[in-house]
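Remarks on the structure that follows.
Order as written gives the chain letters A, B, C, D, E and F; numbering starts at 1 within each chain.
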Amino acid sequence: MGAMRVLLLAAALLALACSHGATASDPSLLQDFCVADKMSQVRVNGLPCKDPKEVVVEDFFFSGLHVAGNTTNKQGGVVTPVNVAQIGGLNTLGISLVRIDYAPSGLNPPHTHPRSTEILTVIEGCLEVGFVTSNPENKLFTKVLNKGDVFVFPKGLVHYQFNKGAANAVAIAALSSQNPGVITVANAVFGAEPSISGDIIAKAFQVEKNTVESIQAQF
Amino acid sequence: MGAMRVLLLAAALLALACSHGATASDPSLLQDFCVADKMSQVRVNGLPCKDPKEVVVEDFFFSGLHVAGNTTNKQGGVVTPVNVAQIGGLNTLGISLVRIDYAPSGLNPPHTHPRSTEILTVIEGCLEVGFVTSNPENKLFTKVLNKGDVFVFPKGLVHYQFNKGAANAVAIAALSSQNPGVITVANAVFGAEPSISGDIIAKAFQVEKNTVESIQAQF
Amino acid sequence: MGAMRVLLLAAALLALACSHGATASDPSLLQDFCVADKMSQVRVNGLPCKDPKEVVVEDFFFSGLHVAGNTTNKQGGVVTPVNVAQIGGLNTLGISLVRIDYAPSGLNPPHTHPRSTEILTVIEGCLEVGFVTSNPENKLFTKVLNKGDVFVFPKGLVHYQFNKGAANAVAIAALSSQNPGVITVANAVFGAEPSISGDIIAKAFQVEKNTVESIQAQF
Amino acid sequence: MGAMRVLLLAAALLALACSHGATASDPSLLQDFCVADKMSQVRVNGLPCKDPKEVVVEDFFFSGLHVAGNTTNKQGGVVTPVNVAQIGGLNTLGISLVRIDYAPSGLNPPHTHPRSTEILTVIEGCLEVGFVTSNPENKLFTKVLNKGDVFVFPKGLVHYQFNKGAANAVAIAALSSQNPGVITVANAVFGAEPSISGDIIAKAFQVEKNTVESIQAQF
Amino acid sequence: MGAMRVLLLAAALLALACSHGATASDPSLLQDFCVADKMSQVRVNGLPCKDPKEVVVEDFFFSGLHVAGNTTNKQGGVVTPVNVAQIGGLNTLGISLVRIDYAPSGLNPPHTHPRSTEILTVIEGCLEVGFVTSNPENKLFTKVLNKGDVFVFPKGLVHYQFNKGAANAVAIAALSSQNPGVITVANAVFGAEPSISGDIIAKAFQVEKNTVESIQAQF
Amino acid sequence: MGAMRVLLLAAALLALACSHGATASDPSLLQDFCVADKMSQVRVNGLPCKDPKEVVVEDFFFSGLHVAGNTTNKQGGVVTPVNVAQIGGLNTLGISLVRIDYAPSGLNPPHTHPRSTEILTVIEGCLEVGFVTSNPENKLFTKVLNKGDVFVFPKGLVHYQFNKGAANAVAIAALSSQNPGVITVANAVFGAEPSISGDIIAKAFQVEKNTVESIQAQF
């Protein structure tokens, strides 16, 4: 199993890909809360609600964010999501979290959140982080962060984190959506199912088609 | 200087009271970012933006969230805010953070965020947390949290955290607004400037007027 | 039966507590109207819609706002709500009303609307009104209103009205939500079910625990 | 001076036509309040804010809604607006009011609010009210209202009120915008400045061009 | 069958009148997409979603916008809609299209979109277009457009297009809503079902009642 | 000058990168219109408005969308934007357009719009189009489009168009934002200024560092 896939499986829980979720500026709340009813057969923008009389305190609770994730994969990084899929009470509330663990030289590779800004706090270690503005500048803003540093990745922009240190690193990041979504650039382009035509990618990246195919084989 | 005031001074930076700020579902972003221009004389909903050519990486950065706050005050708690007042790049992005330190028996007293949901992670220690639903139920949802536990306080509802443990406790909380605002219930009612009439408070709380006045004297 | 409870029962209809409702800036309308289907078993943010072919003019209608409410309760005030619970056609439309009756010295005690701004018109009598800004200023804005006066209470802030006159007073207030919600401060703190720990309230209000308990006994 | 124009002058204050204002679901609030700074030279979506230190209680206040408007005009109706133009504190808060006076047989002619739902309360008298759905049904919902009756006109739909009674009638209506705007159908089509071509109107209404011109002459 | 009705039947598909749809600024997306489930019995603001596993590429596709509509009707114009009724994948995405065909002297009569701004491109021919601001100015902005010209009609304002040329004209317009709605002024006022009272219309338009009745007979 | 840069220069006008603009669901309109004042020194979310008295019909107008763009560049494609930078009247209105020209085998390479959904109409020729869902599925939805076909690319997802035909192709696309922004994946990752570290990209794409450097040299 490919290394980046491990990271993506975790990230995928974050995304609830193509299914249900939240956004950077979720629609306004119309009652005290609307806890996700995961048994419902009805599908709406976000999730339908449980009967408020059946809501319990555990609907607003998650345990285990102090536990390190397993970073033994090719990217050396893993994302533990805490969004509406893990805490049903987040439905309609427009916010969520992730914990990210990085082995030395571990990477959370370039990606976007289509529905969310991110604000990241370094809990342990040393990270190089960056984001790139949209066309035509594609300006890179990059900084080295240490324990207790906080950094903001504006909504929709490509960004990454890389563990520059010799020790493990840990971050907690908040996202302005109950279901921010993740699009890892390399995976969306080289790992789509079915594959994007090699001719198209070769032209887009100005590389030989066989280079494209060898990259696609990794995903 | 009164004890609760200490907590409030910190919380006040969070609130940017009556001035400028953000909300639980901020208006949508109309460009990659709109970093707050703190020199501007113009006042708008939120803050005007810097010239994007003058934006630097530090506009998205804050340092020091690993440093414990000083809890030597009557409530035994202190809030360190990281919102648009501290990180100008958060303007228009709809999210912010706080670090909260609690001495043993320290309290973050009952309050609301008029413009934000909160998702709190316990970094150290043991907290009793709770929120109360709106009228007429006024149902209390309460839980004891330990390290690594995450809890959600829905937007606009009265909530609190109390350090049940013998040791210090620390939490990091994310809020769905660049400027969530804080209304500490006791302060808004008993500590307003000028004071709310004692007759009104006495009737509202069904207590003697001199009890009201002795409480007001604390604030 | 406690006096404040009477006011709250009326207010509660306003809140549709923790159940279904609206907000200060409701999500945008996606069709001409979406009249609440009160028979539906489905729960969503707000309410599901009736078949538009079954919508009748009465779905947009309410009768009786000229009828005085019964103010014979401890607070001497009563709220008659006209929101999505009374007019199903308000679903998705982002506005509602209340009529408030005040006996002489009657009080609508300090409360917030978590999802709504309020604009109040005095129909009869003389009211002292006020609202308090968020931390740290907690500045009180207060004014005496007479017949034909209009006053605005910004979204989420603590506010109250008190009948200063010797005669009954009546107001009509509009709220920027189909289900604005009401949090009466005294009830949320001293009347929560189950109770908030007396130790916590005592510390928050800087009073003796037995004072807290005697207040809690009123609710 | 034409009769409908009198009604329109009042209504125009409501509209702040093409200038500054609010909407049915105004952008979210980013601070406790953003009182309109009417001296500012800066123009934004809505209005720029006053320095919060200079905000006074009168910024949230309007007086005189109990005073009858002058209905001696061709339509026999007059609108007294209370929106962000009258109460600067309504800026960013998403709500406003009007008082409407109707002489016997007085009419508030068919119009839309492009940015607002309306909820109307009859204070005195007897009104026939109606609204029409969008194409292709163009279904009329109509009802006779008496004192204390409340009725909802959904956002953007054509609606009217007509005084059926022998006495004056009065209503207070709330609108889900700080600046809802008014488009009186007859005026927009027959009274535009400069005029819409008579050929176009004749074709649209399937009438002779000289009929169009005689109607245009009234406006 | 009346001529304007033909145009309206097409426009009606655009409106999904009073039923289901979208808006100029639809509520934010909470997942990658929420393709309309047209088999669902549940009604919500917008439409419920299909199971994402059953979504196919055709859900994002429509064919035939190059085909001219039939303009043989009294107005000499016809609208071909491409909104959420035609492309289920547009649900929650806040945008749609129309193709408009105009015979020589063909007219798209004065109308509003209650939930949408419109941006129109002339593909062929020559159009006079106009929109009218709200009260009290009712200012007409008008321009003659030729092939390749683009024009904007702001949300909620009355607007029209008229084919000034000797040849057919074609435009494609985009609307900022999945279901913008159409209110043709003449139809809403003179063609409502049931009819608006002739007395009311006569007073609103300052014409004789029998003129009103002869216009109503056309619709 | 690199080939993709030509396409990007055009696209960049679309993006108004990091400067001023609009979004997929722009904040609600607070007046009839707020035409961008391009002379203003004030910067806000979006753009400040011109004095409405100085607004002219040309503020809502653009000419030349029938003119083919120059596709003689490496990608064989060019984007002609029509957004708030070209039509100041689009400010606050939440919609814009582009014309896209494709030489045979011309490509609009994989990119996202961080603030917009796109709905594309083929005017001439034959295009293969596709979009990829977010993690973990990264499912490709792809289709061959011909003249008159319409296709939707949901907000924030990676998508592309490729001219499969032997002739030129032309499309007009509408976007749900006054300033949708464009992030061309290859440019954001391989063409950022300054460059993203080769080590990071090599790890993200699972390629040799010298392969990364040879790709970076193209941008």
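Simple rule for what comes next: contacts are C-beta pairs under 8 Å (C-beta built on N, C-alpha and C of every residue); 3 or more make two chains touch, one makes a residue touch a chain.
What you see is a predicted model; the values in this text were computed from it and never measured.
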item	value
Number of hops, chain A to chain C, where each hop joins two touching chains	1
Chain whose Cα centroid lies at the greatest distance from that of chain A	D
Length of the line joining the C-alpha centres of chain E and chain F, rounded to whole Å	27
Geometric centre distance via CA averages, chain F-chain A, whole Å	24
Intercentroid distance (Cα basis), chain E paired with chain A, Å	39
Centre-to-centre distance between chain D and chain A (centres being mean Cα positions), rounded to whole Å	47
Sequence positions of chain F contacting 2 or more other chains	17-18, 24-29, 32-33, 42, 44, 46, 114-115, 133-134, 142, 155-157, 181
Contact footprint of chain C on chain E as seen in their complex	16-27, 42-46, 114-115, 177-179, 181
List of chain B residues in touch with chain C within their complex	3-5, 8-9, 11-12, 14-15, 17-18, 25, 74-75, 105, 107, 109-112, 114-115, 128, 130, 132-140, 142, 155-158, 160, 162, 181-197, 199-201, 203-207, 211, 214-215, 218-219
Parts of chain C lying in touch with chain E, wherever the complex brings them together	27-34, 37, 40, 42, 44, 46, 48-52, 55, 92
Chain C-touching residues of chain D, taken from the complex the two chains share	24-29, 32-33, 57-58, 60-67, 82, 87, 89-90, 93-97, 117-119, 121, 123, 133-134, 141-143, 145, 147-155, 157, 172, 174-176
